[in-house]
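Both of the next two complexes hold chain A, though its partner changes from chain B to chain C.
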Partner chain A sequence: MPSPVLTADALSKWTTSNPYKAAFIYVGAPSDAGWTHAHEVGRLAVQAAFGGRVQTMYKENVPEGPQAAQVVTQLINQGANIIFATSFGYQDTLVAAAKAHPNVLFEQATGTEQLPNLAEYYGAGENGDYLSGMAAGAATKNGKIGFVAPYPIPEVIREIDAFTMGARSMNPNATVRVVWTNTWFDPAKERQAAESLVAAGVDVLGDGQDSPTTGQVAAAAGLKWTGYDSNQESFAPAAWLTATTYNWGPYYINDIAAAMNGTWKTHFYYGGLNDGFVIMAPFGQSVSAATQAAILAKEAEIKAGTFDPFTGPITKQDGSIGVPAGTTLPVYTPTGLSKYSINWFVQGVIGNPAG
Partner chain B sequence: MNTDLIVAIVVSAIAYGTPLVLAGLGELLTERSGVLNLGVEGMMLMGAVTGFFVSQQLGGPGWAVLIVAMIVAAGAGGLMALIHAFLSITVRVNQIVSGLALTIFAGAVGLSSYVGQVWGIGGQHGLHQLNRVDLLGLGELPVVGPILFDQDPFVYLSWGLVVLVAWYLYRTRFGLYLRAVGESPRSADAMGINVTRYRYVHTVVGGALAGLGGAYFTLAIAPIWTDGLTAGAGWIAIALVIFAFWRPDVLLIGAYLFGALSSLGFTLQAHGVQMPSEFFSSLPYLMTVVVLAGASTTLARRRIGTPASLGVPYAREEG
Partner chain C sequence: MISIERSLDTPRWQRVALPFVSLILAAIISGLVLAASGHDPIATYRQIYAASFTSPGALTSTFVYATPLLFTGLCVAVAFRMRVWNIGGEGQLYMGAIGASGAGLLLGGLPQPLLIPVMIVAGVLAGALWAMIPGLLRAYLQTNEILVSLMLNYVAGLVMYFLIYDSQSFWRDLTSPTALVFPTGKTLSASATWPGVVIGSFTLPTGFLVGVGVAVLLFVLVRGTRFGFEMRVMGDSTSAATYAGMRTRRIILAVMALSGGIAGLGGASQIGDFGHVLDPRGLQQAQYGYTGIVVAALALYNPLAVIVVSILIGALTNAGFALQGPSFPAGLVGTMEGIILFSVLGGEMLGRYRIRIGSPLRVAPADAEADPGR
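Right after this comes the complex of A and B.
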């Protein structure tokens, strides 16, 4: 955890009696053991790093959409100096709020819109998902992998694409069946979706959900599982392979320190395996030494910048060319094809990218 | 469609219909006594959170822990219903208002979330989960095995309760009295039946069953607690009672129909059927609307099964 560097100015300005106020908007509950839990760990890291100079607050289970505007207003009324919105669906609300409140700083996770007081932050989860996919591809015996997926949005689609390409790098015949739950977090629905995949004959499950339910279904059926967001091994140790996890704390600490110092500028942060924003969870017991070595080697290539899963040639689900040979997709461009605009599945995925 | 697929659909219909059977039976009993309880969702959540809490705290053999957890969950639902009973039977406040108030009070941003947070059980890995019990070793039979003989104890309990409630309603004197109280409390009172006691007992038992239905989510479906995890099941249960014309046997079928609808979309997706998944996600709720609209028009004409005094407080001195 980086320790915050505050200027003398900031140190005298933000004190226990006049703390800097940082607010977080959560799409789920901090208890979800997944996405929101990871953000909550980040918030607690902020609190620990700054002590009484920063007052953190959060609102949980905030619906994505117009209702979020009310929550933003509430937080501003409570004196929030910076607001982190931790899910894609808050973007429109945040853009409007940033325009209406030029003196408040806003940060939007997984989005694209920037303003002088609205920054974007996320990380290359897809690189972690490629590595998770390798573990899944090595674990499958019948070549059928299932994936419990939340919403059909580019963020999730590119993660499934990367997962599938990773799986097929280990087992060229592997397929990934996708079932959409249309929810980030709903253990009952996640279980239904996972069970339907088990009934369809998959022998490895992956998920992009916020709860570890898919893993519990996998464990009950004696299958293997790759998780998401947080280290969820304890929920299903026998099924556990690995997971992409996010380490939000250092980012939050840096940005809040900058904001307190008055040096905060709008930005588009895209962390990754190399700066410790994306971290692979520990391997499960069943991941063989050879598979671990292959995954670690690929991770080293990604960190060194010599490998990017979205380098052509990439074939789409329907057989047409998605990314031509020699091209590596940029993270985000306002127009044209970028990682943020992928709305198609790669070859090997069975499912509908439109949901 | 192959047999495996059909079996998979039926099995998941039962799994996801079971909380609806339990909560629906409870609401059916309550409404039969003339009390409308719209607090089912809140009672389910209280059952879910207390049941999970108890299962996390107790030591001892798994089956004993789960039985105690179920009893406590039923107690929590019953206690909530007691509030509703007091408000709607003794104080005679508007039943709709009282029920809605309880759902809001105990709901996804209310008491159930609060106690979940105070007890710190969010995100905990469930230590106990009800597993399937292979009854009489018949679970391996083709088709009927997985459907009838390889379910978790909650499912067997719900089947037993359907039979019990049907027998109680139609074959016992108490059931006859109960129906009388729901149809015409004044006549029942004249016959010497204690209307208030009947309404209290059936409201509390109804709440207890709702609590049990809620506990199904945290003890059987997914051993994890999170705010609002019943996701509207309580409302579907209320609609089911109307759908079933206040009959327990029809209620069982209806609950499984809802259960099937809720997982049909996933099953079809997993089998590579290309359909917008949002359509399937909305099916159970769409069906709730259709059922409520359909049932209310039929009822407007013939009033099939509706207890005549449903929702009307009874006061002896008004006569």
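Right after this comes the complex of A and C.
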């Protein structure tokens, strides 16, 4: 973790008796062992880094709807100086709140809207998913991989696309069968979806859910599994291959320090493997040395900027060209195709990108 | 031998006082739980009161939570009183939201005074029609409406998902940059926004006013009309109603449509008062329909009491978000809600029944069990 650099002014202004207040809005519970847990680890890193100069608070299980506006109001009433909303569904609420409260700073994870006091942050999870996909492609014996996916939205679709391209780089005949759960976090639905994939004959499972349930199903069926969000190896060590994990702490520390110094400016942060925002979880025991070497080599290329999974030629599910040779999809553009608006599956995915 | 039998001589003052005694008891038990988990009970209650009513914006927030609960509570109260077990308020609310947002989008050009009633009618119709499915099946095929109405909640949820995520439907926004990144519904026009009643810094949602009107109408309907009399007879005993020559099928269908229509009105209010967009995730995460069952039970299925209880539960939910944090787990708020429910329902039962030690002398009337709200 980086130690925050505070100016003399900030050090005299923000003290234990007058702490800077940073608030986090969670869509799930910090105990989900996935997405929200990763943010909670980030919040605790903030608290540890700043000590009493920063007071952190959070609200969990906040629905993504009109109620979120009330929670934002409460946090502002409680004196929040900066509010991090950690799910896309809070974006409309945050845009309205940012306009109504110009003196409060807002940050929205995975969104697109920017205002002078509203910033966006996320990272290239898809690059990690490409590497997870390589591990899955090397592990499958019958070439059939299953993927438990939350919502049919571009964020998830690009992760499945990258995962599939990674798998097929190791096993050109591999297929990835997708089942949608229509929820970020619901262990019961995640279990059903994973079990339906096992019944369909897959021998490796991947997931983009907030809980490690898919891994428990894989372990029970004697299959392999790639996780998501956090290092979830302890939930199913025998099945574990690797996972894309998010390291939110350094980002939060950096932004809160900037806010305390008065140097915070709106931005669209998109971290990656290169700056340590995306980190591959440790490999499981069954990942062979050769596979590990191949994955680490690809990871080094991504970090060096010489490889991007979304560089053409990329063939769509239906055989047509999705990205022409020589073109790399931009992260986000308001119009035209970007990683943030991709709504089709690549060749090798079995499933419907419309849900 | 310990047996529980119906108490035949409960004085009226006791029935009125019981819920309040139960609430005080709940506060004491919750206080013990709070103290045991290292929180000062008095300070916590003060905080709850402030977060619910007195801090800036708190009262407005409380009514944001209370408004949908008023509708789903009334939906359950009217049905359960008549022993029609409609668990489908959740799905009927979704359908109401679909209907009202559809009407609001289609007729967005109409002036506000015209558009709001149109959205209300669309929401009521959609909710009522959805409730007619379990109603018709119960009336004509004697299926269990608990199961059918419950299952239809999931179907209604999937219909919403289909409209926003899985199709190019009329409800879905297909043009804005945000909608390309994450599927969302079309936002309704300004004239489809329900204004509410603004009193200083407090906004009373239009939907809440409408809901209060519905509650009063229901109270009058049940107490003062022939139809209400028939419903009450059927609520007491279906066979008695049949012997008296009442058309029980028609009454079941009417109750189901009424109940579903009220939930649908709640869906319309979600669109008009708060969301202004059909939002499947937000509506599903909120679970207003299921919480409505709790609201109705706490109100002892009395429509007027539902008004009060919806504000109380709305306040508690609102305060729950204010209280929770690193030192106050969200589960503790749920525990307190559970203690209140347990105390009020337990108190109600102790008030209506008595425990006899020894052999039972009198057999309780056959319809005494599972008989809400008399």
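The rule is simple: the second predicted complex is superposed on the first by the 355 of 355 C-alpha atoms of A that agree within 3 Å, B and C clash if a C-alpha of one lies under 4 Å from a C-alpha of the other, contacts with A are read in each partner's own complex, and residues count from 1 in each chain.
As a working rule, a contact is a pair of C-beta atoms (placed from the backbone, for glycine too) under 8 Å apart; a residue touches a chain by one contact, two chains touch by 3 or more.
All figures in this text were calculated on a predicted structure; none of them were measured in a lab.
When both complexes are superposed on chain A, chain B and chain C end up clashing with one another. In the overlay built on the shared chain, the residue A:V179 is in contact with chain B alone; chain C does not reach it.
Using the contact criterion defined above for the overlaid structures, shared-chain residue A:T244 touches neither chain B nor chain C, since it reaches no partner.
Of the two partner chains placed around the shared chain by superposition, neither chain B nor chain C is touched by A:T164. Once chain A of one complex is fitted onto chain A of the other, the partner contacts of A:F235 are limited to chain B, with no touch recorded for chain C.
In the superposed model, A:T214 lies in contact with neither chain B nor chain C. After overlaying the two complexes on the shared chain, residue contacts for A:E64 are found with chain C alone; chain B is out of touch. Shared-chain residue A:Y340: touches chain C; no touch with chain B.
Legend: residue contacts after superposition of the two complexes on their common chain; A:T112 is shown touching chain C, with no touch to chain B.
Shared-chain residue A:A354: touches chain B and chain C both. Once the complexes are superposed on chain A, the part of chain C occupying the same space as chain B corresponds, among 27-35, 99-107, 135-143 or 189-197, to 135-143. Comparing which residues of chain A touch chain B with which touch chain C, the overlap comprises 29, 60-61, 152, 182, 354-355. Residues of chain A touching chain B in their complex: 28-33, 37, 60-61, 146, 152, 177-182, 185-193, 195-197, 199-200, 211-213, 216, 234-235, 350-352, 354-355. Those residues of chain C that touch chain A in the complex are listed here as 51, 55-58, 60-61, 64-65, 158, 161-162, 165-167, 177-178, 180-183, 270, 274-275, 277, 279, 281-283, 285-286, 318, 321-322, 324-326, 330. Of all residues in chain B, those touching chain A in their complex are 4-5, 8, 12, 16, 108-109, 113, 116-117, 121-123, 125, 217, 221-229, 231, 262-263, 266-267, 269-272, 274-278, 281.
Partner chain C is touched in their complex by these residues of chain A: 29, 56-67, 69-71, 73-74, 77-78, 88-89, 91-92, 111-113, 151-155, 182, 332, 334-335, 340-341, 343, 354-355.
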